[in-house]
Amino acid sequence: MQHWAVLPILIPLLSATLMLLPPLARTIRRQRITSMISLVLMLGSALVLFHLSTEATQLYQLGDWQPPFGILLVADRVSALLVLLTTVLATGAVLYSLAGDDNQGKYFHSLMMFQLMGVNGAFLTGDIFNLFVFFEVLLIASYALLIHGGGKQKTQANVHYIVLNLIGSAFFLFALGMLYGTLGTLNMAQMSTRIADLSPGASILAEAGALLLLVVFGLKAAMMPLHFWLPKAYASASAPVAAMFAIMTKVGIYSIFRVHTVVFGEHAGDLAYIAIPWIWPLALLTLVIGAVGVLAAPSLRTLVANLILISAGTLLVAVVLLNTQAVIGGLYYLVHTTLVTGALFLLADLIAQQRGQATDRFVVSRPMKQAPLLGLLFFIGAVTVAGLPPLSGFVGKALLLQAAETATQMGWVWSSILLSSLAVIIALSRAGTNLFWHVSGNKTGTENARPIQIIAIVLLLLASPALVIFGGPATEFAEAAALQMQQMYPEVQTLIAEGQP
Amino acid sequence: MSLFVEWLVIILLILGAFFLMVGSIGLAKLPDFYTRLHAPTKASTLGIGAVLIASSIYFSVNQEGISVKELVITLFLFITAPITAHMMGKAAMHKEKQALDRTQNQHLQEPARNRLPPEATEQP
Amino acid sequence: MKRILPFPYLSMILLAVWLLMNNSISAGNILLGLIFAVLIPLGTASMRKTQPTLKKPLTAARYLLMLMGDIIVSNVEVAIQVLGPVRKITPGFIAIPLDITLDLPITLLASSISLTPGTVSLEVSEDRQWLYVHVLNLTNEADTIARIKQRYESPLKEIFGC
Amino acid sequence: MEAIFAFCVGLLTACGLFLTLRGRTFPVVVGITLLSYAVNLFLFSSGRLLINGATILGQSEQYADPLPQALVLTAIVIGFAMTAFVVILAIRARSDLGNDHVDGRNPPGAGLPSDRLKEKN
Amino acid sequence: MLEIVVLISCTFVGIGLLLNLWRLLKGPSVLDRVLALDTMYINSIALIVLLGLYFGSPLYFEGALLIAMLGFVSTAALCKYLVRGDLIE
Amino acid sequence: MSLFWILLLPLLGTVVPLLTERFGRTVCAFSTAALPALALVLVLLQMPAVFDGEAVVATAPWIPLLGLELSVHLDGLALLFAMLVLGIGLLIILYARYYLSDKDSMGLFYAYLILFMTAMLGIVVSHNLLQMWVFWEMTSVSSFLLISFWNHNTDARKGARMAMTVTGLGGLALLAGVILIGNIVGSYDLTAVLNSGDLLREHAAYPVIVILVLLGAFTKSAQFPFHFWLPYAMAAPTPVSAYLHSATMVKAGIFLMARFYPVLSGTELWFVIVSLTGLTTLLIGAYTALFKHDLKGLLAYSTVSHLGLITLLLGMGSDMAAVAAVFHIINHAIFKASLFMAAGIIDHETGTRDMRRLNGLWKYMPYTATLAMVAAASMAGVPLLNGFLSKEMFFAETLDQSSLGSLSWMIPVLATVGTAFSVAYSLRFIHDVFFNGEPVDLPKTPHEPPRYMRLPIDILVALCLLVGIWPALLIGDLLATAAGAVVGGDLPDYGLYIWHGFNLPLLMSALAMTGGAYVYISREKLFTFQSQFPEANANLIFDKSVKWVMKHCATFIDWFENGSLQRYSFLLILFALVLLGLPLIDLNTTAGLRPQIPVDAVMLSGAALLAVSALGTVIWHRKRLIALLMLSVVGLIVSLAFALFSAPDLALTQLSVEVVTIILLLLALFFLPQNTPKESSPRRVARDLTIAAIFGGIIGTINYALITRPLDSISEFFLANAKTGGGGTNVVNVILVDFRGFDTLGEITVLGIAALGIYKLIARMGLFKPTSDDYGRPWTEDKHPMMLSVISQGLLPLALLVSAYIFLRGHNLPGGGFIAGLVTSIAIIQQYMAHGVDWLKDRLKLDYQKVIGSGLLIATLTGVGSWAFGYPFLTSWYDYWTWPVIGEFEVASAIAFDLGVYLTVVGATMLILANLGQHTTTERARETEHQ
């Protein structure tokens, strides 16, 4: 009996729980150690799972109940990859927090672990209601993390973030009601096989459910016009939290992919790809809004927050193109963008600390204590995120551009992606020159960044050159993953079939 | 079940339901808050009591073994109802609810609100 | 013994309630009931103010029966008053001087009053000397007070021996 | 009965959404609570309505669909957790921002947050 | 026979509930509404018990029990709120 | 294989200066030069092979799926440019050694420079278009670093940003163009692409490709209208300018056009665009150059103009023109590099570049002056110098072309005019700087620079002369192979002689010379004429326009994301409404065929209660307490509905959650305003009512349509297996703790997290404490009414007993850990209300955080336990035991799991409520102390 698939959920849950109990609860030091240990364990298990998934999709029947009756975890290439990605990102964030952010309020490490549990669960589960549960886990954890460190902005941003998401959760349940009420099952694989056989009336109800799910996932993915919560929330969150949040929009996009291109994919008869026509324009608009936001950003954090919007738009484009090349590009881009934006949030924090009153706003300030080091890191991050060679950004971008097939697709996709890149280039060159070179006075006050913080940022940024140097294997894996993901859970189908008398 | 028992149940039910309704009527009908306070606290207790006893009898007869759990509910209600009334009366006096004009000894509200002896405030 | 059963009456009540709720007196249930009857009082012991204990259980039982009767009667009365013309009702406040001074008896008295003929206890004076009551239909103030005192207060006094 | 049930669900939804669109935290919380009632009833009814069919084996002739009931139970608990959080956040927001507007700023021309009730008696 | 009686009783209680609702809406004061709510708790206990009788199933007893317990708590809480504002102090 | 080293060596070279900087400037310079020099040697070693027309290519796989492979080659064109890039690069390194001051970090400068060199080299030797684009963008990035090297001054920063933006735009266009080509050709391999010229030219996307590629080329090589960034790039240190303007950067654009010449040229479109752009640029550059008082400014615009000339040549479409273009590329690189270095020396020695102050430097630095004058002469196209030859060829070509059809005659004329101006500004460069009277208060008194600083110029000027005199001998083969690569076929036979006899081109040269001389002599008039026009500072304009864009983006964002939650929620709901509503239009019959439940009076009154109280909640939502009461009625009815529709567990749960919620809201309400002000405009209220009503209607419709249709669900399984598989008769509970125990685990986790989060919220929270109630009355003194506390302590044990009862029966009958937990918590809360925080503090010593922790731990470990028996997480186990007296009873792992649930619920609820209560109490206590 192999338990690898459930470990990415259990390890954080257990460590988070243990950190609430003596003896670990007593000192922050013990919690830090626990946190690091569990991260190491998770990295290990995530790697094993990743390796196993390349051989065969790992299925895990919780409670030993036959699907579709029990909850099933499905660790195929994509989910394994995303779990690994999440863990790496979390490692960076937590490492950074060790410099002191984790001590700005209570329960940081526990909450971080709970957040991890939620995200991993959402990536791994093959059951739509269980997906809801894990959404809620990661949401409530994010609510709690968002106010970590305190301050008016955080409170304010949190109010908007929570209320919108509460409405979203309500919609989620409505949608689940519609889907269960018509399909009579919660197992996504089985749902996908039942859709085509629905009676006309029922299939309309199922369609309504599916489209309502798009709203829910779109909200998580910050798809325009559901993105409003994001900029403030991400810009005001404390650095490690914001870095961790870089993965959250991806959960929404992943769900859109699973539900709207696989479950309601080509096998879905009349309901095949119903959501795609809606996502098309919104994906592009998201890109545009992100670009505009990037140009409008008055501070580095806001800028990076809007970069998240751009990445969301780009990934949505990857979803709607509906071809393997697009998925390959999407997966590659997802890994790249998650890690680099995470790093940039951390970096923005260091920059803000060393610029005194000016913090991370694009105004003249005293020079930074460690301008050369931070400058180098910022330069790498900027080049990566702007999609400039030789760092990872350009590969994903080029893959996506290649994925556009018809002339219309090219027209829309290329113009929006390339123009948004231009906006990013302009904004970042401006940001960089303003932050690092538009200075007056002399370096005073702040002490150097703690080595652990630099290590954390470097860890995340290293992904960028790695992704380019090993671009060949990386894209080949992405291809395998894409092909596997586009199929309709074959292994699960067989497992279900075995269960039927 | 025997006719007698059935009639017993029926009577108890009608009785209980009736008293419950009376309680609600009182709540709706009586002129001021203090008088309204009487209706539920009493009428209800008996009404509920009767209904519960009816159900207790019914289930004791119709299912193996006796059913007396209903008594627990009755117990709860008899313990709590007066306290509820007390709390509401307290609140009412605190809010200086105007009692019905023809209410006697209205001057007692003042000391009662401040939990003082009646002498504390002179008669009007 | 005192250490296992700090409040024997409470334990008895709990056991009784347990058996009532489960509708059974099987050995297993009795055992479980006993366990809870012991554990819960122990667990909540710290949260109990010391109250006077029953001195006269039999009187208590009699008192309860009497109360039941009064409740039934009072319900009928109230029902008539409610369904009848409201104009006839002449409500009023009364202040009942108290002889009993301990919390539990006073509470029981107030409860009895609230449950019985057209009376609701509203408030107890801070010095535990006066009980303020609202009467639904106050005809004779002195009578009412006297009746309450002898019908409810004195037996309670007896029961708790105070 | 189904029609009445559906009507109630719709009404609850409408009331809930209207309140969630208000400008102050408390009404929004109330609205979300109403909305969650609607959601729970809706999800519950996705197993269809049945009378006297409690899913206690051996206690009824025919059984309701137990799965949605379990789902709603989970939903209720989660809803409770969320409500609790947002309620406390509302308090926190008022103490941090000085008012209880969802945007943290009193709109121009807004009445005092605590203007007194005219109590009828 | 019994069924009809139960239905009749239910109707009585139903009327009672509607009367409570009327008081709840009319007020005039908050306290009247609290009182109305409290009475509603009582009536719904009865309703649940009657339901149990109607279905001849004891599964609903705990519902009644809970209302009896919790109804008290919430009414007490409301009153405490009215007189002290802060429930827990 | 060695080909890769041509790129690898300089790439490695970027780190060398950073390492050797501390060993002194000379060491640093020479060590830096070493690797590029080696690369140059490698290039030269390939020369014979290239001349013999062998395909000199090396490839290695990189990202196959992208069509990107490491692929380096050397053909004529690549060879030529590689030599220019490396050769001139080396001279620049030497020059910079003396140019840079001690303040400048030499290591960093060289590192940037070599990085840039590598990028440029990468462009020219790439055999894969994507790879070429990669290097193309790298030149933009590295040039950004070079231009902004003196980042303390604003012009450097702005100039760098402008260059970055313009070339960045071009780069993106180029990427699109390249991918388009790749899509059509099916490969990014250069050979493949160069062999599919016809395919491309005939393809529908050809115009798009041409425009995209040319956009890339023009932005890079500063062609009109993108010429404005180049002059401001001279904010860079002069060595950089010398490099950028001669062999690299701007030449990259030219290179691109030359590279694609065989496949993209040869069409009307190409000729018109390219030639006209070139011509315009040529004229504008030449004209503007004359009026620049800044030495480098003059040179910068002259670069613009000469690039225009080359572009024009590439646009003429005759093979000969291509040859001329390549020839001029070489010549321009040589003289422009030397001129910039000379200008740098002058700047370095005099401390200014303003020609109005620079006069008569001849007597201070005759040697440098001579060199500068020769180079300038070459720029002007004076015979015996290389510039002359290519210019003659250029004139010849302008005469036999027909790009503009009947208007083609204009080209030679305008070409002559342009050249005249270049003669004029060359003259100015010579006369105005080295003669023309005495210098005007120079910061320092100039003298000859250090010998080795001049060496690069010596070499280049020598080349000007030698190439000018023995062109064929020196660069014949190189030019031939390079041009061959551009033309992509056999070359026309042409002669590289100094003397072509008296012909029209010669006449044009003569005209240009005399015209130029005349223009320069009468420059005063021209200057006064020109001075009427305000000088447009492209830098400012560009900066303004970028600022304008940003400002408007900002205003848009402020308007769009105006921070109003009401708008956001509205949009969210509206969006959902649309997506839900549209499908329903196709729903013909709402009601399904499922038999429906008959309605009776009680149900009706229940529904009425629900509806009215729901509406009441809305109507009274401003009077918050009343709204709360209405809300609790709704909750009560909902739980009754659950009971009616066969869901006792739900009824119980709903009830207990209900009460806890009310208590919570009451706790909250005390610290919030009691009433909501009337502030929504009627329009907004109407809007919200409408959308809410419509949404509600849709949900209702869907719900009705749903529950009136038959359902075939998986639930039979649960009914069938609850007892046998889960060991319980309460199927819902078995689902919760067994079939879907994982959900429940997540659910209690949520509860736990919420409690932790709330703890964070409450910590250090200031409070608004109303001193009087809502009607202005002071609170009563009686904190803990006696009777309430007496009864409460009696109730506690009972409540605990009840919760134990509910807990234990849960698996088989309605109940379970969650409800039991809530009952317990409510009982404890009741104690808090009755006795107060202080009284309970030392009586009830429960650390709720630990309770939560242990609850979650128990639940999780119960699940993990099944591993021991080789089953997956959360696999349940149960068995029936029989003891004497006790009789048979069941033991199930589900109970342990449910215990976890119970503890978590108690812990969470108490952490939330009690903690808030305690906090507020202590807060108030402190506040009152302060008062």
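Per-chain numbering from 1; labels A, B, C, D, E and F assigned in written order.
One rule holds in what follows: a residue touches a chain if its C-beta (ideal position, glycine included) is under 8 Å from a C-beta of that chain, and two chains touch if they have at least 3 such contacts.
Fair warning: this is a prediction, and the values are worked out from it, not measured in the lab.
Visitor: With a step meaning a move to a chain it touches, how many steps does the shortest path from chain E to chain F take?
Guide: 1
Visitor: Identify the chains adjacent to both chain A and chain F in the sense defined at the top.
Guide: The shared contacts of chain A and chain F, listed by label, come to D.
Visitor: As a test of understanding: of all chains, whose mean C-alpha position lies farthest from that of chain A?
Guide: So the chain farthest away from chain A turns out to be C.
Visitor: Taking each chain's centre as the mean of its CA atoms, which one is farthest from the centre of chain E?
Guide: F
Visitor: With respect to inter-chain C-beta contacts, which pair, D-E or B-C, contains the greater number?
Guide: Contact tally favours B-C.
Visitor: How many angstrom lie between the CA centroids of chain C and chain E, rounded to a whole number?
Guide: Here chain C and chain E have centroids separated by 22 Å.
Visitor: Find the geometric centre of each of chain A and chain C from their Cα atoms only, then give the gap between the two centres in Å, rounded to an integer.
Guide: Once rounded, the distance between the two centres reads 62 Å.
Visitor: List the centre-to-centre spacing of chain A and chain B in whole Å, with centres computed as mean CA coordinates.
Guide: For chain A versus chain B, the centre distance works out to 58 Å.
Visitor: On a C-alpha centroid basis, what's the spacing between chain D and chain F, in Å?
Guide: 41
Visitor: Give the residues of chain D that touch two or more other chains, as numbers and ranges in rising order.
Guide: In chain D, the residues touching two or more other chains are 16, 20, 25, 38, 40, 42, 45-48, 51-52, 54, 56, 59-60, 67, 71, 74, 78, 81-82, 85, 89-90, 92, 96, 102-103, 119, 121.
Visitor: If you look at chain E, which of its residues touch at least two other chains?
Guide: 10, 13, 15, 17, 27, 29-30, 34, 59, 65, 69, 72, 76, 80, 82-83
Visitor: Of all the residues in chain C, which ones touch at least 2 other chains?
Guide: Answer for chain C, listing residues that touch two or more other chains: 17, 21-22, 110-111, 124, 126.
Visitor: In the complex of these two chains, what residues of chain C are touching chain B?
Guide: The touching residues are 17, 20-24, 71-72, 74-75, 78-79, 82-83, 86, 89-95, 110-116, 118, 120-127, 129-130, 132, 134, 136, 138, 141.
Visitor: So in the complex, the part of chain B that touches chain F is made up of which residues?
Guide: 76, 79-80, 82-83, 86-87, 90, 94-96, 113-115
Visitor: What part of chain F is in contact with chain A in the complex they form?
Guide: 61-68, 130, 133-135, 137-138, 140-141, 144, 148, 151-152, 157, 160-161, 164-165, 168-169, 172-173, 175-176, 179-180, 182-183, 205, 546, 549-550, 553-554, 556-558, 560-561, 563, 565, 567-569, 571-573, 575-576, 579-580, 582-584, 586-589, 592, 699, 702-703, 705-707, 709, 711-715, 717-718, 721, 725, 738-743, 745-747, 749-750, 752-754, 756-757, 759-761, 763-764, 849-850, 852-854, 856-857, 860, 864, 866-867, 870-876
Visitor: Can you check the complex and tell me which residues of chain D touch chain F?
Guide: For this pair, the touching residues of chain D are 1-27, 29-30, 33-34, 37-38, 40-42, 44-60, 63-67, 69-74, 76-85, 87-92, 94-96, 100, 102-103, 107, 109-117, 119.
Visitor: Spell out the residues on chain E that touch chain B in their complex, using ranges where they run on.
Guide: These residues of chain E touch chain B: 1-2, 5-6, 8-10, 12-13, 15-17, 19-20, 22-23, 29-32, 34-36, 38-39, 42-43, 45-46, 49-50, 52-53, 56, 58, 61, 64-65, 68-69, 72, 75-76, 79-80, 82-83.
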